[in-house]
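Shared between the two complexes below is chain A, which has chain B as its partner in the first and chain C in the second.
Moving on to the complex of A and B:
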């Protein structure tokens, strides 16, 4: 009789396994063992509560759903959730206290060599790395919140870290207190949209070798060194805000060796340097707002064929600075609040060309101490004299059609 | 007691003069005009910066010198009475400084206050008042050192020109010559050598903070942005007011009228 029961039970389980089933984990239970015993296609529902677990390895396509935001505490040991299968969903957890190691990059949620995974609506507190995607394609990271309390760059990890991925969507996440907010290396064709990163100790957004990615409607504020992007082609940055990144080495947006890219309708406000560009070619900077920055646009001599068009420069201490006496970039149609020309034919374009680089910014570039003389009478005098007969400032760095009104 | 009595008379005399009324009205019109066209108080403070740093010292030192020579007969008359020289000098200095400061506060402070001034406008007013005291003190020094009125006014003008323009040009030259040395600390010392620069930094740090935050700016900002730095700046401005006054008083005490 007993044997028949066993057979029936086994048959029943096997039967349900064919179609997917829901498995419920309650406080006191182990998510890890349930995940191990689940089958592909299952839904593991974790009820509200506190679970002290780590190294939960998901190697089959299941959905791991938290109901009422259950907390998984990694008690500072290793990784917490590791995904090594396609089409996995992790949703609705509080994931806290991953391990820290100088050797391995422990993450609260790690996804390895997978496709079609979704990480959504999780809150990650006090982890080394937040969400770590390595070798993934077609995944979505949405509505997550990552906060940590990084103290130094060497002892902290990134909020959302992507390595060697493609077609990833990073949407509506909030990241604070990490080393870099969002970090991309060798990532292609991805979308970063509606995220907010603030008060991270290094960069709000940091990417390298990540061609063909789009960044839209993100907000990067008060990060240690702003946003840094390097060695990349075909970047689109639209409608982002880069604000209040202050400090000796802080930039709203640092561009290094970027080419064929597009920066459109962004706002740079209250940064030490709004945009700092080095070795940048064929970049279009169009319709952006530069407001109340120390240096709105620092464009180094090795930048070529860039177009700076229809931007608004208002309330910046220095509008454009460069370290070269030549210019191979094109400026047109920008609004400069320091422009003193006139518009006789009333076509909205100033009749006198405008040179946005002033002598004093060049002096400060060479001897930074002289910033002490900012707004002194002698400096105004020198600037006025230089404007009339340019000797030191690049003669071709000139906006021939400055706009009289702010550009929309 | 006698000092206060003379002070009252000097104050009354100066406040009634046409010059101070013109000065106040001029400042008022400039400030009002700048705020009205710009419609932004913190931007207005930047524009007013040069007014405060150039016009206030100039008017103070010229008016101070002229006033001193003009009240020479009055002083000689008082000296014939049993009044201490010290009292006469202090009454003249305080009376003139207070009168011009009141003119400045009414001319610049009032419009700023009406349009909702912030912390930077407060610093602007404090700096303006201190500069008034400093340049009247320098005016008195120039006056007691020269018997001849024309020479005195000439000396006052040279002092103003040096403080407002030449000093900064020399500093710029200095920075260029020693650009390969670390000059961050030297900058703080240099700033203390000129009250106009000191006043400018004090106001600017409330305005252009982001620009000053380059790596030199950071030292400057850390220093002058701190409570100690503000105290340092205000302290040195007061020394700049007190120093020449004391010197002028010494000369005045031994002067043969």
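Moving on to the complex of A and C:
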């Protein structure tokens, strides 16, 4: 009896293999109707050309492959490709002009409640949302480009948008001109690696309620408000670059209610505020470069048990600012270009402790307009007076082992 | 004009969707279907990117409930327009994600909330329901 079962199973598998076939779509044909008539396991190969189609729903495990980058133009009508099945691949298309709706988040490529899907090497131009994954697990989004020419935050959606997903890899994508480049909400155990997001209207990367995700080797530049991460624990950010995010509410990296996380070997350069942290606990900020920012690190009084160690602070207007006269964070072994101490025992560590917060930065924190006094004589006088008789500077916000040279 | 500038107006102020920041979560307020505002008796204005942020701010005590002269929310049927939040109807639907994760959309008219409920599913709640849900009172 058992043997018969085995034979039946083998036959069934063989049957699937025999049936799976390549179906070719040429210009003039309909991708949508070919996809509808295809069967699980098929490869639908779309030849180079222009296809005006939308609402192409894929509800079985097929591969949809573009040869020579065919263009699917959604003529602003709605969603363009919608995936509702496991193990679907969409590869090699130009997908342009999704619809726009006040109420619905139309996307060029949407994946819903699916596993093991791959979206690769597509170019998405002028869509409301680019790639939208909702309720998905174990999917990969790789080598896609999304660009939108939206002008305001409200008329544009996000480039790559994930909602309630886990185990997703977002690799080597480029996103520009969207509202947020990469957006995560309720996403767990995912990897964001080697992506570049620039000149997006709001955030280059934005995530909340997304525990246990890793962000490595990404570049976030010239985004309207930089990068924002909030309400999350167990975040690892390694080797990313946060650059040239300028503006009143703009941050290289905005951290809000983050705990038990790790920021290692990143570069924060040319931002209004390199890192702004509020309500952050047990965060390790180690071996990062803070270069030429307005404020390198703003750390608010409600941040506790954070470690700021072995970072380089150079060329920033203010190195560290805070709004509190107390400090419950630990600073050690950082290189401060403003440090004026000496190292008599030549052990590489300054013999005099360094306080990175100065009085004027506290005044600016409370009255931003006073920044116009920067580099004036009165400010030098104030800072000198505070050094002699310290009153305002948090007593424990101190680096007892400042490094004499840049830390590698 | 001068006196107007100095007196404590408790009128709400429009939300600027390409510049204002949420008082609680610090995000730029951008989605024109969502947003909320508290005006205190002293005329101080707190803006939020979502009703859930306003509720959380009240719950955390960032703004004392009794200090408020008025609560306002964006009416999703009329993007960018503020309406009285106390008399608004709130649709909580998984199909309509809101900026800070509560799936909460506000409508000035209860009938609007109910017609969207028919389309998207979910539950229509009142201001007082929200105060309980977010443990404000």
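Basically, the second predicted complex is superposed on the first by the 388 of 408 C-alpha atoms of A that agree within 3 Å, B and C clash if a C-alpha of one lies under 4 Å from a C-alpha of the other, contacts with A are read in each partner's own complex, and residues count from 1 in each chain.
As a working rule, a residue touches a chain if its C-beta (ideal position, glycine included) is under 8 Å from a C-beta of that chain, and two chains touch if they have at least 3 such contacts.
Quick caveat: nothing in here was measured; it's all calculated off a predicted structure.
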* Asked: Now for A:376: first (chain B), second (chain C), both, or neither, which partner does it touch?
  -> first
* Asked: Of the partners chain B and chain C, which touch A:108 in the superposed model: first, second, both, neither?
  -> neither
* Asked: So, does A:270 touch the first partner chain B, the second partner chain C, both, or neither?
  -> first
* Asked: Of the two partner chains, chain B (first) and chain C (second), which one does A:228 touch, if any: first, second, both, or neither?
  -> second
* Asked: Does chain B (first) or chain C (second) touch A:209, or do both, or does neither?
  -> second
* Please work out whether A:315 is in contact with chain B alone, chain C alone, both, or neither, and reply first, second, both or neither. => first
* Structure fact -> Across chain A, the partner (chain B or chain C) reaching more residues is B
* May I ask you to decide whether A:295 touches chain B, chain C, both, or neither, giving the answer as first, second, both or neither? => first
* Structure fact -> Overlap of chain B and chain C contacts on chain A, residues 248-249
* Asked: So in the complex, which bits of chain C are touching chain A?
  -> 17-19, 21, 25-28, 30-33, 76, 79, 96-97, 100-101, 116
* Structure fact -> chain A contacts chain C in the complex at 102-103, 105, 152-154, 163, 179, 185-186, 201-202, 206, 208-209, 224-225, 228, 230, 248-249, 254, 256, 276, 278
* Structure fact -> chain B contacts chain A in the complex at 43, 46, 49-50, 53-54, 164-165, 168-169, 171-172, 175-176, 179, 183-184, 186-187, 190-191, 197, 200-201, 204, 208-218, 220
* Could you pull out which chain A residues touch chain B in their complex? => 246-250, 270-272, 292-295, 315, 317-318, 363-364, 366-381
